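Working notes, structure below.
Chain IDs A, B, C and D follow the sequence of writing; residue 1 opens each chain.
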Amino acid sequence: MNSQNIYLPYKMRIEKITEEAPMVKTFKLAFVNPEDESNFEFKTGQFGEYSVFGAGESTFCIASSPTHKGYIECTFRKAGKVTTALYNCEEGDIIGFRGPYGNNFPLEDWEGKSVLFIAGGIGLPPVRSVIWNCLDLRDKFKDITILYGAKTVQDLVYKNELEEWAKRPDVKLITTVDPGGETPDWKGEVGFVPSILKKASPKGENAVAIVCGPPIMIKLTLPILLEIGFTEESIFTTLENRMKCGIGQCGHCAVGPYYVCKDGPVINYADLQLLPVEY
Amino acid sequence: MARIGVFICHCGENIASTVDCGKVAEISSKIPGVVFSTDYKYMCSDPGQTLIKDAIKKYKLTGVVVGACSPRMHEPTFRKVVASEGINPFFCEMANIREHCSWVHPKGEETTQKAADTIRILVEKVRNNEPLYPIKVPVTKRALVIGGGIAGIQASLDIANAGNEVILIEKEPSIGGHMAQLSETFPTLDCSQCILTPRMVEVAQHPNITLMSYSEVESLEGFIGNFKATIRKKARFINEELCNGCGDCTLKCPIKKIPDEFNAEMGKRPAIYVPFPQAVPNKPVIDKDNCTHFKNGKCQFCKTNCSAGAIDFDQQDQLITVDVGAIVVATGFTIKGTDFFPEYGYGKYKDVVTGLQFERLLSSSGPTLGEVRRPSDGKVPKKVVFIACAGSRDPAKGIEYCSKICCMYTAKHAMLYKHKVPDGEADIFYMDIRAGGKNYEEFVRRAVEEDDVNYIRGRVSKVYEKNGKLIVRGVDTLLNSTPVEIEADMVVLATASVAHSDAESLAQKLHISYDSYNFFSEAHPKLRPVETNTAGITLAGACQAPKDIPESVAQASAAASKTIALFSQDLLTREPIIAVSNKSTCVGCFLCQSVCPYLAIEREEIKDRNGNIIKTVASINSGLCQGCGTCVAFCRSKSIDLQGYTNNQVFSEVSALFERSEEYV
Amino acid sequence: MTELQNIAKKLFDDGSINLLIGYSNNENGGTSAIFIDNSADIDKLIYNENCHQNLMVYFQKPEVKKFGKLAFVVSLPGLKSVLEIASENQIKDGDAYFIAIDKDGNPSLLQDFHQIEDFITNNQTKPPMGLLKLMEKINNMTREERWQYWTDEFSKCIKCYACRSVCPLCYCTQCITDINIPQWISTESSPIGNLDWHIARAMHLAGRCIGCGECMKACPVDIPLALLTANLNKSIAIHFGDEPGMKADYKYPLSHYKLEDKENFIR
Amino acid sequence: MNNYKLITKQNLHSFFDALQPKNTIIAPKEINKKYYFKPVDKFEDIALDYIQTVLSAKSVLFPRSDTLFNYHRADGDYNIDEPSPIEKNTIVFGMKPCDASSFVYLSNFFLKDYQDKNIKERLEKLYIISLSCKEADNACFCTSVGSNPASTKGSDLNLTLIENDTYYVEVVTEKGQELINYSADLFQDTKEIDKSKYIANVPQKFDVEQAKQNIDSIFESPLWVKDSLACLGCGICAYACPTCTCFDIQDIGSQFNGSRVRNWDSCAFDLFTKHASGHNPRPVQSQRWRNRIKHKFEYSVENLGLISCVGCGRCIRSCPTSMNIVKTVQIFQGV
């Protein structure tokens, strides 16, 4: 057989399961076959198809950084059939993974610039991959600012890492929760991401912003970014259309002629505006 | 992350002698998600429970499957164990490997395999379970007692004496029921009225009891703690406020020859009447069907003679709605009618009477003032034949059950007859004598030994008249089935006790279940004998099955105690096994509403921000829902799920059953 | 102007409706639905024996509902579906106007359910002979033959779900096929997957199907779908004596208990 | 490499008999006056004079449900097996030229970026013998999308019935020659013939270049809603279409045994784009209809340089509500 079956998944063993927030878990996955691991390479921003045999495939990003070798991580919320099946998996179970698919964040282009990460709720996982990637190449970037918000304190994901970033002198971390979502001992901000962004107003010159979160957050954050000096080309996000094949064939993620799985999911705001509003 | 523990109980030898419990535990340990699996002799015992608790701690279990007996018995036990370790109790499931495996199958590999499969499907269910929390509902501390016989009276008094309000409704003009019709009661032969009437008066005077006689249940909605009953107070054409009970009206009524229900139609009464002298309330009622005024508008004797001005021909039925928290159903029984015994000549020969009619003949308040005189000619019968099991225990008649009270009252009748007619002869045809009560057997012996009652074991095939005498033809099975013919002056039938003709419709109004004889069904024949399957509704007396007075009273007190226990709480805690609807996918066809036996499905309007109705969807009243799941089955868009038994949970169980891998053998 | 067009015009002129759904000739020599939102297009409105589509299917379509007040051109099956969806709380008296076409092709404006009920009673027709013959043929088969017949028929299905889309009674916003927790209907088109779907479809229409036959006409592979529901209706009528689409307050026999219902099979 | 031959109808029968034993032959077959592609083993079963089948022949390449692999659980691990490759070659006999041309699109689509193994294997073993159209109906519009009733595009052999029960044969590809070689003596060499007088007249209904430009420019238009009010969102058009390629991937089976399967899907279905969160990028039918039209004439041209419509007319014939792609294009041409 000269062509390879692109739908054959890598077998991955669940090494570690972390409960991040209600209904949200992170899996640390290791390749069952060592040769798969040595052939595997990905860039930050790419995603994959994770599958539970018998339940099917589900699409989400690779939440770990390519600089962390030997494993990949994914974070997902229990929502549909496959994520429910994944949610019920145990450490040691074997699941399927195929990928990486899609484009990636153009980290090379950002060298020498400041990087602002803005994430809301379950929008942090794709951003986290970039954050670690940048932190592992810390010298190449100027200021690194992370603004992360969630509905409630309970809903914040990667709580350990948030603590770690908070301690680092070379990272500015701002965490916020929606009004009413705070606990008595909450030390972060209280307020919605756009207003906290406005309050912090990091400089937009010679900087890029990566925005990921619920559509309403993105919608309200963009004008503020433009206001504080970011350009449409320097604002990046990642699209989350429904995907099935990951390779630009099944048609589900098509936005006009653009396939989110192939031409995306990473897109800058300037390009995003050229797409029909079908995402 | 599911970390499930499996605990297999031997139930002593009950399970272990048939199922290889160790093997079941071993197979279970291979199921994905099972991190601990063991077997133990008595899992419900204290050490067994401790074993589960320790395992939960040690293995950080998130769910538990206990393979043991019926969850009906021990599910609460094990759920408590799990809850005590901080796990939501609904992550504990019981696999019934006793009733479903060891008790019904022989010892063998297949039985063990079935037990293992049963465990496996429940592990699959636990993996799909969700935490559930008890539901709290408020309680209206007022009881509705339906039926004012001895059972209803007793229940009302007990509930009222505990400080709760009671509404007692009785469909006849007076409370008292069948007990008021009796002469003496077995086994002590004390006067029925003498012991009953003080209770009746107590009811009438009790500050916590509202008595509504001549009233019936029209409809019932609501749920435990929160019922809304609509009561039809039938027009008695008497202003009860004004009436002083003098009785003048009944004396002046020109119609006097209506068969008297209280005397089992052995006597006559006027069209305006008080059923019996001790009636409570002591207010007359006009029998509209027989009253001349209502027939042609001419007569007004009662009205003109009423000094209190209490006669009100224009009175209408009233519908009264009351809020009650609990209901005691004590509607009693009736006896089979005249058309039931053509072979015994009942209805054809005046001197063939029912036990209840004979009871009235014996009663000092009866039509003969307590003298035994036969209906045909008023003569004192010298030979009376009693036929027990007239209709009862007779599959050919469609009544297979024992009416329970006949053996005792027939003995009583014969005994009382002999006391009143010492030179008379009393013969009793019987099948068996069932005298299983305190002092009952002694009572029967007394009839035979002291009062010379002649017991003949056998069935009567026919009663016919010859030369003015009733000939009772039967067999004596103790004498080689010799045919016997006895000439009798009077024949008394111990007719079958049956449910009221309106029992079925009442059950449907109350949403309680009933058996094939229309007697109301208890929730469990042994462990929940007074509750019905509808929470908050209890049963007392012979509406459940034939009962004698002590039993009826005991059950009435039991029903009262259930009610009082319910009223002792301000909020009710209910199991959250109820249906929930998905309002986003519901299209509002309301098929669910038409099938819900508990009227638990309500219509809820979904509105947009401007208050426009977008759609109307089904919403489930968590207080009313009993979790039967009928709506779930009917919902086409699968927008209803039963908490604790969701479609997905049940589906996963069934799928697990069909995918037995070789790993689990 | 035809009588039909006159009625339609009047409805527009007095502002009673915003959209009229009727029939017009199409490019391929057939007829198809036309959506008229102003009186100028009324001359395209026609009715003839080729106008078979049950237009009531559009009542639930969000983009149609958006127009506001609607009028439908309906013949007998369409009117029956009006009453059936009315009994299922999907349409209320006065929600729409109905221009009913009788047996002879004459239109009349019906404004309330009562008029629709009378119209249906006065215009009853028999099911087509072909359908009855096929039903008889299938009912005379042995169990095994029948099983084989339906297995063969269902094996043709490509699960395009057109039978569902054209049915005015398939109005669920979430069809059982769209649910995957649990996966009630297997997704693939295979003998077992197809059987899953067709059994669910038939059961969901048992005693509700008003017999317009749209499912059968829409099926690209000619599965005689209407037979299944017609036969189920027949069984229900035999046991419970009711027929869907005759009354707006129809009590669905499978969910309503009546005293005269036979229940000897329960006790 | 075109070379030209003639074969009599009788010899065509013999040709079939020569091909049949070693190949799987799929051909149009009549069932209740409608035509479907079915495996055939007798020449007599083949319908030679039909206008169009209900469903296209794309399923020989891209089946309704296509097994990608099978899995089997053992000792906590999974064994994954690919379906065994097909052994015989498949010949589609008597497909119409419009359908044949769809295979050009399909192979481009499925093999462009990622080589789809199942499709590639099937394509390698696929032979197409097309049959030029003698007749057409109202729904046919191949001439409007750059084709014609005797086009050889996508075919290995093309047959055109000329006079005297004789077929004019064009050998279009090497594969076509391979087929001829099964029984070359049944064929008679000839010169190129003008087929136009032997084929159906399919009037051109729109100008495809103009249509593409018009459709390109219009995304927001009330016409999309007006034109699609009748559409009920079933999947017939996509399922009957020879070039619709959308699919879904699902697991069939349990956690122990089963297969991962690729099923046809349709962008007309309301759940096609719906996210697990409940958000739906194309929530109403007009948007889905627009997507279909724009995909056919605009998006696929942008991505592959090919219109993904071959003018077979199946979507028009099978639509239960008489939706008409030609009419839609004409409407936008009139804008």
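The working rule: a residue touches a chain if its C-beta (ideal position, glycine included) is under 8 Å from a C-beta of that chain, and two chains touch if they have at least 3 such contacts.
Model, not experiment: these values are computed from the prediction.
Name the chain with the Cα centroid closest to the overall protein Cα centroid.
C
Please report how many Å separate the Cα centroid of chain A from that of chain B, as a whole number.
A distance of 64 Å separates the two centres.
If you average the CA atoms of chain B and of chain D, how far apart do the two points sit, in angstrom?
71
Averaged over CA atoms, how far is the centre of chain A from the centre of chain D? Could you give it in whole Å?
39
I'd like the Å distance between the centres of chain C and chain D, where a centre is the mean of that chain's Cα atoms.
A distance of 32 Å separates the two centres.
Could you list the positions in chain B whose residues touch two or more of the other chains?
Within chain B, residues 32, 655 contact more than one other chain.
Specify, in ascending order, the residues of chain A that touch 2 or more different other chains.
80, 93
Identify all positions of chain C at which a residue touches two or more other chains, and write them in rising order.
Only 181 qualify.
Report the topology of the inter-chain touch graph, choosing from line, ring, star, complete and other.
Chain contacts: complete, every pair touches.
Quick one: which bits of chain C touch chain B in the complex? Just the residue numbers, please.
It comes out as residues 88-90, 171-176, 179, 181-182, 184, 204, 251-252, 255-256, 267.
Where on chain B is chain D touching in the complex?
32, 584, 655, 658-659, 661, 663
So in the complex, the part of chain A that touches chain D is made up of which residues?
Where chain A meets chain D, its residues are 1, 3-9, 11, 32, 51-57, 79-80, 83, 92-94, 96, 215, 240-242, 244-245, 247-252, 254-257, 262, 276-279.
For a test of understanding, state which residues of chain D touch chain C in their complex under the given definition.
Touching chain C: residues 31-32, 34, 36, 54-55, 64-65, 137-139, 225-226, 228-230, 232-236, 238-240, 248, 250, 252, 261, 263-264, 266, 269, 271, 284-286, 316, 318, 320-322, 324, 326-327 of chain D.
In the complex formed with chain B, which residues of chain A make contact?
17, 19, 25, 88, 90-91, 93
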